[in-house]
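Below you'll find a set of structures to go through.
One chain, chain A, appears in both complexes that follow, with chain B as partner in the first and chain C in the second.
And now, the complex of A and B:
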């Protein structure tokens, strides 16, 4: 019977691992949102060539399991002389994944706003940019929010444990092998992920409820 | 004063408007009875939501959408000027097109703040006055999805009026409404007509058009078939209009 004491002694390690997980999630969500907004806007408003290019990219990236994307950054890029530390590689690959996922949400959000909304704004004397920022984007953003705050990105970070990145799940697995307290440590893992993910779920629902209260509808999740 | 002369507009090889001329003096209402295509396109050209290839549209002498460079040459106006001219002849749409993420009051306020650069408090006050004018004070904080079609359309009219346009363009504003809701909207328009608002109104409501307009235009296939004071409906001179009116009485 493992003692509570030895479990507690593991906590600093686990907390450190969890810190890396949160860092990876934060970085990939943060940069992914920035790139996703840019790419999504490009997709929605860009020229035919830009759209075609993005379509090819998004088809390649989203057609690949996350693991394979991470694999590509970890092992394929170094073959061409581009080397990063494990954590940086993980952050890059997860950002790539997040960017294209968010791009799809953004594109969907913008395209879901009826063209008439834009024209109504123009007819009142708004500039193209003004109509976009005042009328189209706020509506697009609102319908996107429930999918954007999706907690899936936090959980997706766990795949990099397969590549030796010392994030939460990796540290947990290591400690399980060392102490054989599989059940206890996995319980801690579950609680910790839930502590982060549940509030995000609640936030997502809140956005959705607010939309409903205004008679608007949320965009279906792009399926992370 | 709006003057349209020899207006031409095509989509690809299809000519939608084929040489329409009409003149709407200030303070008058022009009812356009549409038939087939070209109905809303005319209004969209006046608002320059659609560019036109031939002829001209002038609002108080100013050519809509194009700058003139003498000897009939012209080039598209800078965007800023097009936007300004649009804000002077506001359009009300068949499907209302209220901004769905804003309350009724915000819908009327937003362009005053963003386009006219009025201080928010002043804009809100003016907007509240207009919402009151269309009889919706009690509903001013409702989002469009919770307003009936007639209420939405009245907000849309208030939104256009807030810009204090030289002319109001009404594009089949009652076509999406049941008769009772339509009546609410028509009451608002009739009141505006009494106040001397200049309006071009594309409408199927012949009786209403006759009541409020000084000038009726009957269009078909992108051309003006017949135009004149409302009295012309009693004694149409073209077979096309006679046929249409006969059909209207039967149904």
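And now, the complex of A and C:
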């Protein structure tokens, strides 16, 4: 067995890698939520053409593995002279992935609110935008919450390790190749991911229970 | 500037490799799905009928799987187990990691299916002289799995897409070939179109096949 001391000496590197993972997760969840809300509203309320366009787009994107989506940003864009650093490319591709995942959740949430609510708001003198933002969206939000506070995005960040981005898993693999402490390092990695994701799972369940108490059911989770 | 000129010839030249890689991806997917279904069903039955300790054990397993990426389990098996003197092959490391990871989801889904089966059917079976195993095999599980089928199909689709992770262990599946072709042909856009298309066809075929099973199963 390798000494505990050599394992501890690796911790600063692992913590730094974990920081990159959390940064990527934060960026993709933040921007993904903004774009997802916009796209989801468009998907639910847009003209027939917009809806058809988004349907085709989401079908294509969600039919690809995440690694293939990341591949598009890392290998296809540079071929057209669009170049970013590895971390920026990772953030962009993960944001794309998050946006489309959240878009589906938002659309489902909006469509779960009866249309009559929107019409009733209009007849009470609300503007289109007012009716959407003060009547429909708050209710939609409630049924969206269990799927929105999902650990899927944190887990998805791990795929960019395949593209040489020095996040948690990449650093861990590098250190395993150097020290051969595969079992110990991977156990640490496993526990660290769980420590971040488990609270999110519990929070999601809390939102789901609250929804159930109101006699509503959660939307089917869009991303696993 | 005139438009982009598609040039697929160097990719078609590797068609035998593409066939082989598709076969490997399909094999990884099918094996992982079968194992995940067995693991998930066993764990769900254990949680349903087992004692308190078994229930806790299943809950720990499910959370350990759900709350970390499947890549972590892949590296744990492939790079971690050699420390204990076990040396699993890349293929089996990938398959077992995918099976264990998705088995966690299958457990939850099958538990939902088991809960949807009416308890009176179990009592009726008992009064007809069915043993536990027969009751499960011919009365409870067929209904539970039928209830669970749409969700199980979703997990299956995820598994097909997640076979791409096994390229991290140098399993020569589709994504592994994709990255190899980028450096040898430099036609990344064409590669994207072809391989995204293959994944799309595989997931769609699977989803349609499961939908047919859904439509054709008589019980509801």
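By definition in this document, the second predicted complex is superposed on the first by the 216 of 224 C-alpha atoms of A that agree within 3 Å, B and C clash if a C-alpha of one lies under 4 Å from a C-alpha of the other, contacts with A are read in each partner's own complex, and residues count from 1 in each chain.
To be clear about the criterion, a residue touches a chain if its C-beta (ideal position, glycine included) is under 8 Å from a C-beta of that chain, and two chains touch if they have at least 3 such contacts.
Everything quoted here is computed from the prediction, not taken from an experiment.
Of the two partner chains placed around the shared chain by superposition, neither chain B nor chain C is touched by A:174.
Contact with chain B, but none with chain C, is seen for A:134 once the two complexes are overlaid on the shared chain. Once the two complexes are laid over each other on the shared chain, residue contacts for A:142 go to chain B alone; chain C is not touched.
Once the two complexes are overlaid on the shared chain, A:71 sits against chain C while remaining clear of chain B. When the shared chain is aligned, chain B comes close enough to touch A:120, but chain C does not.
After overlaying the two complexes on the shared chain, residue contacts for A:215 are found with chain B alone; chain C is out of touch. Counted by residues of chain A touched, the larger count belongs to C, out of chain B and chain C. Residue ranges on chain A touching chain B, taken from their complex, read 114, 116-117, 119-128, 130, 134-135, 138-139, 142, 214-216.
Those residues of chain B that touch chain A in the shared complex are 47, 49, 79-80, 83-84, 86-88, 90-91, 93, 95, 97-101, 110-111, 114-115, 143-146, 159-160, 163.
Residues of chain C that touch chain A in their complex: 63-64, 66-69, 71-73, 75-76, 79-84, 105, 151, 154-155, 158, 161-165, 167-168, 175, 178-179, 182, 186, 188-189, 191-192, 195-196, 199-200, 203-204. Interface residues of chain A facing chain C in the complex, by the touch rule stated above, are 60, 63-68, 71-72, 75-76, 78-79, 151, 155-156, 158-159, 161-162, 169, 172-173, 176, 180-187, 189-190, 193-194, 197-198, 201, 220, 224.
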